[in-house]
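Okay, so subunit A shows up in both of these, paired with subunit B first and subunit C after.
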Partner chain A sequence: MGLDYKLVLWNKHKKTYDKLIALGMVVYLVLFVMLTLVFNPEGTAETMIIRAFGSLAILMLHIILIIGPLSRLNPSFLPLLYNRRHLGVSMFLAALIHGAFSIIQFHTLGNVNPIYSIFTSNMDYGSLTNFPFQVLGFLALLILFFMASTSHDFFLKNLSPSVWKGLHMMVYLAYALILLHVFLGAFQQETSMATTGILVIGFFLVAGLHIRAALKESKVDAFKGEIDANGWLKVCLVDEIDENRAKIFTVGRERVAIFKYDGKLSAIHNVCKHQGGPLGEGKIVDGCVTCPWHGYQYLPHNGQSPPPFTEKVATYELRLESGMVYVNPRGLDEGTEVEPVKC
Partner chain B sequence: MDAKLRKRHKIIWIVLAPVLMVLLIWVAKDLGFSQNSEIVKLETTSSTAMAKAENEKVSAVLLNNQERSILEIVVKSPLRSTSSVVFALTGTQERETLLGQLEGVGSYSFQVEEGVKGIIIKDPIKKQSILKLEF
Partner chain C sequence: MGDKDEFYIGYVDSVGKNTRKSIKVFVLGALGTLILGAFLFGFFQRPASNSSFDFDTATKVSGVYHEMPYPMLRVALEKDVHKNILLLGFGKFGANPYLKDICKKEGTLEGMQLTIEGNLIYYNGKTLLQIDDSQKISLTNSSKKNPISKEALGKKILEGEIVDPKCYFGVMKPGYGKIHRSCASLCISGGIPPVLVTSDENAISDYFLLTDLKGNPLHKDILPYIGQPSQLQGEVEKLEDWHVLRIDVTEIEKLNKESSIY
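Take a look at the complex of A and B:
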C-alpha cells in the first residue's frame, strides 16, 4: 500500500519472480547467440546484439500482453499479474538496447542528428516493401519509455488509477507499431516462414485472449437482476457465496462484490483504488478484503483500508430474506460504515 | 478496471484485432516466401559459361543452356553486411532486377533474363552498395 514511496517495494515473492525474469532473459540471450554462431557465423556482433535483444523484447511483450486476459479468464495466473510491472520494465530495457544499437549502427555515421536520420534517411513512406520501418520501432520505443518511466506508484497515485490505466493502454498501440516494424522491416529483408509464423501465432494468441476476456466481462456487465418493490436488486442465494470469498454483480453500471465471512455478509465496490483490480476476485485475509492484483486491503464493513492507509471504496447495503441476498443499488459514500448482514 | 476502462479495453481490441490482421496480411502477401527457393537446380554439364566476373569475395558466372540463362553466384567470404540482396544489371542503362537474398557463404543460382551485364549486391537496410561485378 502506498503510504510513502520507495523505488521498488521488494518482498520475497517479487525477488523470486525478478530472479526468474533475469534468468529467463539470460538463458534466451545465450541460446540466441549460440544458435546464431552455429547457423549464421558470418554475422557481426552488432547485428547479433540487435537481433537478440529485439526478439527478446518481442517475446517478453507477448508474455506481458497475455498475462492480463489470462488472469481474467483463470485466477491461477494472478501471481504473474502481481509481478507484471517488473517484467514490463525489463522488456523496455531489452527494447532500449535493441533500439540504441540499431541507431548506433545505422544512423550515427552520417552528418545529421541520428534521431533526425531515423525519420529522414528513408523517405519512402508510400512504399510497402521499402517503408521506413525504423520510424515505427522508434515511436513504439518512445511509448514503452513513457510507460516504464511512469510505472511507479508515485505516478499511479498522482495521475489517478483511471487516467494511469488509460495511458498505459498505449501499450496496445506500441504492440501494433512493433508488429508492423517487424513485418515491414526484418521480414522484408530476411523472409522466413518460421519466424513469421511464430509472430502471427503470437498475434492471434494476444488478440484472441483479449477478446475472449472482454466478452466474458461483458457477460457479467449484462447481468440484469430482479428488482423488488423497494428498488433493491435480488442477486443470489447466500449459499452460492463461498466462505471468505465474494460473488460479483453488476449494479447499475458498477460492479459490487458481496463477501461472506465469519457468518456475515458485506458488500463493497468491486474496483480497487490502487490499479482498479477486481476486489471480488480476491479473498478475506486477516479480516480484510485483499485485492488479488497487488494485495491492497479494505475492511469489508466500511470499505476503508486499515490504518495507517487511507484508501476507501464505496459500500452497499444488503438484506437477506429466506436465504436470498438483496443489494441496494444506491451505493453509499466511500468508507461509509454498514452493519454486516448475519447469515 | 471500472466500467469505462472495461468498455475502452473491449473497443480497442475489437478494432485493433481486425485492423492489425488486415495490415499484416497486406504486408505478408508481398513477403515472397518463395524467393529463396527460387534457387534453380542446374545441370551444369549441359550448360555453357557465357560470362564470368569475380573478386576476392564473390564470383558470378552466367551460364546458358538451351532452355534458360542461369546466374551462378558464389559468396567466398562473409560480406559483413546487415543484409545482402543481389540484383542483376541488364541493358545499357544497367537496369536493376531483384534476384534474391544472399544469406552467407555459399553458392546461389538464379534464373535470369537474357542480357545480364553484371550484378550488384546491396544492403537495403543501410541503403548502400556492397559490391558490383560486371561481365
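Take a look at the complex of A and C:
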C-alpha cells in the first residue's frame, strides 16, 4: 500500500520477480537467435527480430493469463499475481518491438501513411485465409498499449477501479486477436505442427484453468441460504469459519466475507477497493483484513483502511444464534462501524 | 507458520514453505516453457533463400538504358554476353522518380549509356539495382545504341505467385507469400514492376515481368492478386535474360491452394 504515487514501490519480492522476468526473456531471445543463426543462416536480422519478439510475447501472454485462475484455484500461487503488471508491461514491450519492426519493415517507405497501409494494403477482409492478419495484430497491440500505459495505481485510482478493471479485462480480446493474427498470418506460411501445437495446448490450458476457476466461484454464487422472519440470511455454523479467516457468501447480488478473529465475527463487502481482490480469501493480519492480492488492509469492524489510508468497503450486520451465523443482506454504507458479534 | 495459515503479503519479506514451493514449480515451468518455445519457434522456420542485398555497399554499374517497359540497364559482361539489370528506387518505389532529373535534361534515355551508383540485389541469376539518389546517375555516352531484341514465344498459361522483385530477390526474407503481401502491394503500387514467380518446374523461366496486353507497365490493377497462388495467361516475350508476360489482369485466376514457390 502506498500513500503517494511512485513509479514503482520496490520491495524484495518485486526485485526478485523482475529479475526472473528479465532472465526468462533473455534466455528465450538468446536461444531463439542462436537457433536461427544455426538453422536459418540466410535470414535477415529484421525478420529474426520480428519473429523472436513476436513469439516471446505470445508465450509470455499465456503465462500471464494462467496466473489469475491458478491463484484463484490455489492461493499458494498468489505471489505470482502480486507483481503481474510488471510481467504484463514486459510482454507489451516485446509485442511493441515485434509490431514496430513489422510496421517499419512492411509498411514504411511507401506511397501511403504506414498506419493507413496496415488497413488498406490487403483488402481481402471477406476471405478467411487471405484475411489482413496484420490489422488484428495492430488492434491487439493498441489494447496492450492502453493496458500497459495505465498499469499503475495512479490510473487505477483516477479511472476508478471498475473502469480500470474493464479496460484490463480487454486482455482477453487482445488474446483472441493475437491468436487470430498468428493463425491467419504466420501459421499460413510458416506451418509446423510443433509451433501450432504449442499454441493450441496453450489455449486449452488458459481456457481450462479459467473454466475450473469459474466453476469454483460459481459454487459461492450458487449459495441459497434460508431467510428468517427478520429478513436475515442464515449462512453457516460459526465453527465452519477458521480463526483469522473468512467464509464468502453471496448475499443478494453481492459477495460478503464473514471474518472470525479474537473471539469475534465481522462482515464486510468481499471486493477490495484496489483492484477488486477477494477480501474473503485474505487473512486478519495485525488486526486488519488483508487482501490476498496486494496486501491492502481494512479494519473488520468498520471496513475502513487504517489511517492514513482512506479506502472503505461496505459493512454488514451479523447475528449469532445457537452457533449459527445470520447476516443482514442490507449492506451498510462503506466504512460504517458495526459492533462485532462475540463468538 | 503452518501450511493452512500461510498467507503471502508482497511487502512482507517472509514467505511460507508451501508458497515458496508452488512459486518454484511455476517459475521452473514458465522457464521450461520459454526454453521449449525458443527451440520450437527457432528450429521450425522455413529456411530463407540465399538472395542478397548489398544495402551497405554501393556499386557503380554502367550499361545501356532501356524501358521495355520497366527501366533496365543492359550491362556487357563479356563480348556478346549481356545482363539486364532491373532498376529500382529507394524504399517501396520504382526507379522513375530518380530518373526524372536526367530525363528532363537529356530527353529520352532509351539506348543511352548510363552509369549508376546503387545497391545491388541478386538471386538465382537475376540482378537488380536500387537507386537512392538521382545525383548518382550520370550519362556516360549519349550516342544511342540499338534496343535489345525481343523474341515472341507465344501464348502460355503459368501458375505461380506475383511478387515485388525488390523484396523477393534479396531485400526481405521471406519476400513472398501472405506475410509479405502488404509490403509487396506497397512496392508495386509505388512503381516497382510486378514479377510472376512460377511454381511450374517445366516453365520456360522461373520469373516473368508482367505488363498489360499492350506491353505497358502494370501497377495498381494487379494489387488484388499479389502474394497468393494464381494462374496467369498471356503472350510471352523473351528480352535476353528476362521474360515478359503480357496479361489481361481480369483473366488472373486465384488458386485456392498453398503456394508452392515457398
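Just so it is clear, the second predicted complex is superposed on the first by the 342 of 343 C-alpha atoms of A that agree within 3 Å, B and C clash if a C-alpha of one lies under 4 Å from a C-alpha of the other, contacts with A are read in each partner's own complex, and residues count from 1 in each chain.
In the analysis below, a residue touches a chain if its C-beta (ideal position, glycine included) is under 8 Å from a C-beta of that chain, and two chains touch if they have at least 3 such contacts.
Not measured: the values here are computed from a predicted model.
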Between subunit B and subunit C, positioned on subunit A by superposition, is the outcome a clash or a fit?
clash
Touch test for A:137: subunit B only (first), subunit C only (second), both, or neither?
neither
First (subunit B), second (subunit C), both or neither: which does A:180 touch?
first
Report for A:203: first if it touches subunit B alone, second if subunit C alone, otherwise both or neither.
first
After superposition on the shared chain, which partner residues are touched by A:47: those of subunit B (first), subunit C (second), both, or neither?
both
Quick check for you: in the superposed arrangement, does A:329 touch first (subunit B), second (subunit C), both or neither?
neither
Is A:121 touching anything from subunit B or subunit C once the two structures are fitted on A? First, second, both or neither.
both
Contacts of A:169 with subunit B and subunit C, given as first, second, both or neither:
first
Of the two partners subunit B and subunit C, which one touches more residues belonging to subunit A?
C
Which of subunit B and subunit C A:253 touches, first, second, both or neither
first
State whether A:55 touches subunit B only (first), subunit C only (second), both chains, or neither.
second
Would you indicate which of the stretches 95-103, 113-121 or 149-157 belonging to subunit C has clashing C-alpha atoms with subunit B?
149-157
Shared subunit A surface residues [contacts with subunit B and with subunit C]
40, 42, 44, 47, 105-106, 121-122, 130, 188-191
So in the complex, which bits of subunit B are touching subunit A?
1-6, 8-10, 12-14, 16-17, 19-21, 23-24, 26-28, 30-33, 35-36, 78-80, 82-83, 85, 101, 103-105, 124-127
Per the touch rule above, subunit A residues touching subunit B in the complex are 40-42, 44, 47, 105-106, 121-122, 128-130, 162, 165-166, 169, 172, 176, 179-180, 183-184, 187-191, 193, 196, 200, 203, 207, 210-211, 214, 217-218, 221, 253-255, 271, 276, 278
How about subunit C: which of its residues touch subunit A in the complex?
4-13, 15-16, 18-19, 21-23, 26-27, 30-31, 33-51, 90-93, 172-174, 177-183, 185-187, 189-190, 224, 228, 258, 262
For the subunit A and subunit C complex, residues of the former touching the latter:
1, 9, 11-14, 20, 23-24, 27-29, 31-36, 39-40, 42-44, 46-47, 51, 55-56, 59, 62-63, 70, 74-80, 82-83, 105-112, 117-118, 121-124, 130, 132-134, 185-186, 188-192, 194-195, 198, 242, 244, 282-283, 285, 290, 292, 294-295
